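Look for chain A in each of the two complexes below; its partner is chain B in the first and chain C in the second.
Here is the complex of A and B:
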């Protein structure tokens, strides 16, 4: 065996554990979801029976699915732009005052909630939002405003969940934006300023293009977190209610599969979610990544 | 001259506005955490009587004691630490060698395998949960920490990607010199690649720890009995008893416990995180 063969063997050996782990724990379950979607589970006997399209019909025919899908869309439309643009604005502000004594304090404060887990984030906000004796209502009353029922109000609940989700996640994007902005050469920005380009022109023509790989990374990962991770907040804060106004597809999946043991229906919801993620990811790579300029 | 001083004044006003905005945003952002800290050390009846405060009133540890009476929170803390450390170690053990081989190795299938691993970054956890749960049930592993830990490790896409970038950025002369000195491919991993990316490992370890610490949905499923829960999962039990009893103090005490170790991990890894994301 010559050196090249040995190197190929070593390469395969070092990569094998990672590839096998990913195959067994990530790819195989997806394939299994496809199978489970057409099976019916009987908890009493712990057996599966072929169910044909019954699960798909049960999921797509029910009202709950439509509501959860709609809420998922609303969460995305509200949270993705907020999670991308607000941290950008804050990072631009931090860059303007970089070097000042208070800048690290702002940075630490804004990042702090990122360390809180989703369920704990929900639990931290519960007493603040409490409709009877919560802090937020106390503040509203002090300002002479009417109190709100917050997460227990059918019209406000989704916004409250979104607010808590935003609070918990925007810090990570802030860190990423800030790191990208700080690598842009000062001379380039200064030159544009001397040429008479205003603040927004400079952001649009210099910062965004030069930070575009980071911008794209932020966009893609934010879509994933919005779809995936807010379940913990929903569970602690609202349990999907009131009247399923805050439930999303992953939460519906969880309820169907693991509260009601409808594994087939849960798998159908998983497959729909996979399809949505795949389409969104494809759209982002197809239409957005073309505008990204890699250094 | 007048122009310059006018521009200077405008810049000063702009800076002041930026400061005011950032200070306002910072205060609003940390307020819930400050409130949590104050409530955790304030007697529960005082919180219920007047919820708004920024500093503990008649400071006490009674909330921690009350929480420990209701649930085994110290056990949960220990479970959380074990689970998060094990997942972090597992992710590093899988991703570092693979990243090295993807960066420096030679194999016909190398790039295809890299794509295969990287694409999993886009897999939402919910889509693998149901089949994995059924397998865990079949194995009789439900209600044990390994059931939480083992399936959480293979989400390594980002780690492999990041470490590969870091290793590709190392000058190839380093590896060639080692090769001339007689170091083989595996020896170069240990002697050259690992020491030279060691400074960014704590950063990724901190993020892996944070991710594992925060596992909620999968923990809800696999850790059914009270004894085996982690803090992140156990917190949900406290929020269930809201309403009549309103144990805000004990709940905030548990939240403090749930945040503290992650805070420590990030403070320890701070330098590494700055280098990991700034040296792109």
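Here is the complex of A and C:
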């Protein structure tokens, strides 16, 4: 064995654990989901029966899937822009007060919600949102405004879940934006200021282009979070209700699999969700990454 | 003076002994030879169920029981399913009545007679005959029917008096009586007239109290023959009556957590919910709580439903199954039942068990009247059927669909799912 072979072998040895982990915990489950999607399987009885397209027909033909897909789209349309743009605005504000004595207070207050888990975030908001005697309704009533039923109102529930999800998640993006903005050389900003560029012009032409790698990362990870992680908040706050008005695709997947024990149907939903995530990620890399300026 | 040198090994051994000693002392009840069994339960370490477990372990009968809190019925069932799939089922699980078919036909709850016929007969003999059918599925005795509840009415007496209502609350009430009082409470205490009052009534937005209304009106969710009865005129009439206070603004339908929190905080005047709250509500509420029967439907005989759970054996190994039977025997005994009554369930045993509180009297009266089973959802898609009915109840309360339309739709959905 010559040196090149040894180098190739050692490289393969170093890469193998990662490849095996990805194969075992990513590709194998995807393949298993593909198999389960065409089987009628129950883990307790360990019985398998070929179901053909029955699971796919049951999922795609039912109302629940359409509602969950629509809700997932609305969550994305609301939360992705909000979780990208609002933290950017806050990070720009924090940069202005960087170094001041009050800055750490703002950092702590804005980042604190990120430290709790999604389900805890839901639990924290429950007493505030209680439609009968919750804190928010008490405040509305004190101001002479009508109370709301919040997460128990079919018309408001999805927006309430979005609000809580935003509260829980925006802090991480804020930190990322802030870190990216703080790496921009002050000289460039100062030069633009001397040349007469206003605040918004500086943000558009200096901050965002120079922070674009971080912006792209934030965009991709925020889409993942919105598609997947908010399921904990949905479970605690609304349980998918009222009458499935807040159910998204991952929650429907969990419900079909681990509440109704319809693993074939859950696998179909999993595959559809994987396809959506893959397409969205491809679109982002194909059309958004070209605008990214790498230093 | 001789001096022993302290080596690193000696130091570590000493530290290990120091850490282990308290644990060993705590575990005096359990011996190495004991059969160890796990009970997947809905009851945490501060509950009367833990007291039952602790009392049993203290007896040193050769079986050590561990109470594992696994959440509500749905969560515990899901965890047990995973454990059964992995070949490591809990020896016992507190199984909701509504999951009776699922427990037997899918999770494989054991027939107690198959484990030990003589012990099983003696065990079930500790419970009144009327509840034996609740744990008999496919001619198999699949558990111990020790946890029975029924929905009753809870009243905040401070609100009651503040509204000038008659404190002599009848033992039997109907919806006319209840809704009239709710309107009176709203008129007297609403609009900020009372500092804590926010809403007069909550009937519990779920599949259980709605079943009570359907049955009290003469209808059925699923009747004794297994037929879905939601589209029957009586069932529709029951649900129309159920929705009246929500549509009038007397009831803000919320989840059980919000409902309990609001009642305990003194924001709600009347709640109809599980009789097990006779323990929690008076402990947590800073006002006098009164109870009475669940409201009947005017002009109709009452036909109330039960709820709760049974203890079923899932152990596959003979030693574990026998150990589970030993624990069940204690649960069915006078001593076990005395301890268990602290949870707030009705006494379904033949033993003379003191009521944990006088507030449970209406529930006992309903038991004496005769209780039907909680809806037991059949078929492999039974859980989906339950969910469809829950959604239909919410839609009716929200006035998304008129009641007859929603009931016709629920009839079709539930019938299709339980037939699948």
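Please note the rule applied: the second predicted complex is superposed on the first by the 283 of 295 C-alpha atoms of A that agree within 3 Å, B and C clash if a C-alpha of one lies under 4 Å from a C-alpha of the other, contacts with A are read in each partner's own complex, and residues count from 1 in each chain.
We take it that contacts are C-beta pairs under 8 Å (C-beta built on N, C-alpha and C of every residue); 3 or more make two chains touch, one makes a residue touch a chain.
Predicted model only: the values in this text are computed from it and were never measured.
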Chain C versus chain B on the shared chain A, clash or fit after superposition: clash
Partner chain(s) touched by A:133 [first = chain B, second = chain C, both, neither]: both
A:227 touches, of chain B and chain C: first, second, both or neither? first
Touching partner for A:188 - first (chain B), second (chain C), both, neither: neither
Touched partner set for A:47, first chain B, second chain C, both or neither: neither
First, second, both or neither for A:30, with chain B first and chain C second: first
Which of chain B and chain C A:258 touches, first, second, both or neither: both
Touching partner for A:6 - first (chain B), second (chain C), both, neither: first
Per-residue touch tally on chain A - higher for chain B or for chain C: B
Offending stretch of chain C which, after superposing on A, collides with chain B (from 4-12, 184-192, 238-246 or 256-264): 256-264
Where chain A meets both chain C and chain B, residue numbers: 126-127, 130, 133-134, 258
Chain A residues touching chain C - in the complex, by the definition given at the top: 42-46, 126-127, 130-134, 149, 152, 154, 239, 241-244, 255, 258-262
Chain B-touching residues of chain A, taken from the complex the two chains share: 4, 6-8, 10-12, 14-15, 17-19, 21-30, 32-33, 36, 90, 93-94, 96-97, 100, 102, 105-106, 109-110, 112-113, 115-120, 122-128, 130, 133-135, 138-139, 167, 175-176, 179-180, 182-183, 220, 224, 227-228, 231-232, 235-236, 249-250, 253-254, 257-258, 263, 266-267, 270-271, 273-274, 277-278, 281
Residue ranges of chain B in contact with chain A within the complex: 14-15, 18-19, 21-23, 25-27, 29-30, 32-33, 35-36, 39, 47-48, 51-52, 93-95, 97-98, 100-102, 105-110, 113, 116-117, 120, 122-134, 150-151, 153-157, 160, 184-186, 189, 210, 213-214, 216-217, 220-221, 231-233, 235-236, 238-239, 242, 246, 248, 251-252, 254-255, 258-259, 262-263, 266, 277-278, 280
Complex interface listing, chain C residues touching chain A: 74, 78, 81-82, 84-85, 106-108, 196, 198-199, 202, 252-255, 257-259, 261-262, 265, 267-268, 380-381, 383-384, 387, 391, 394-395, 398, 400
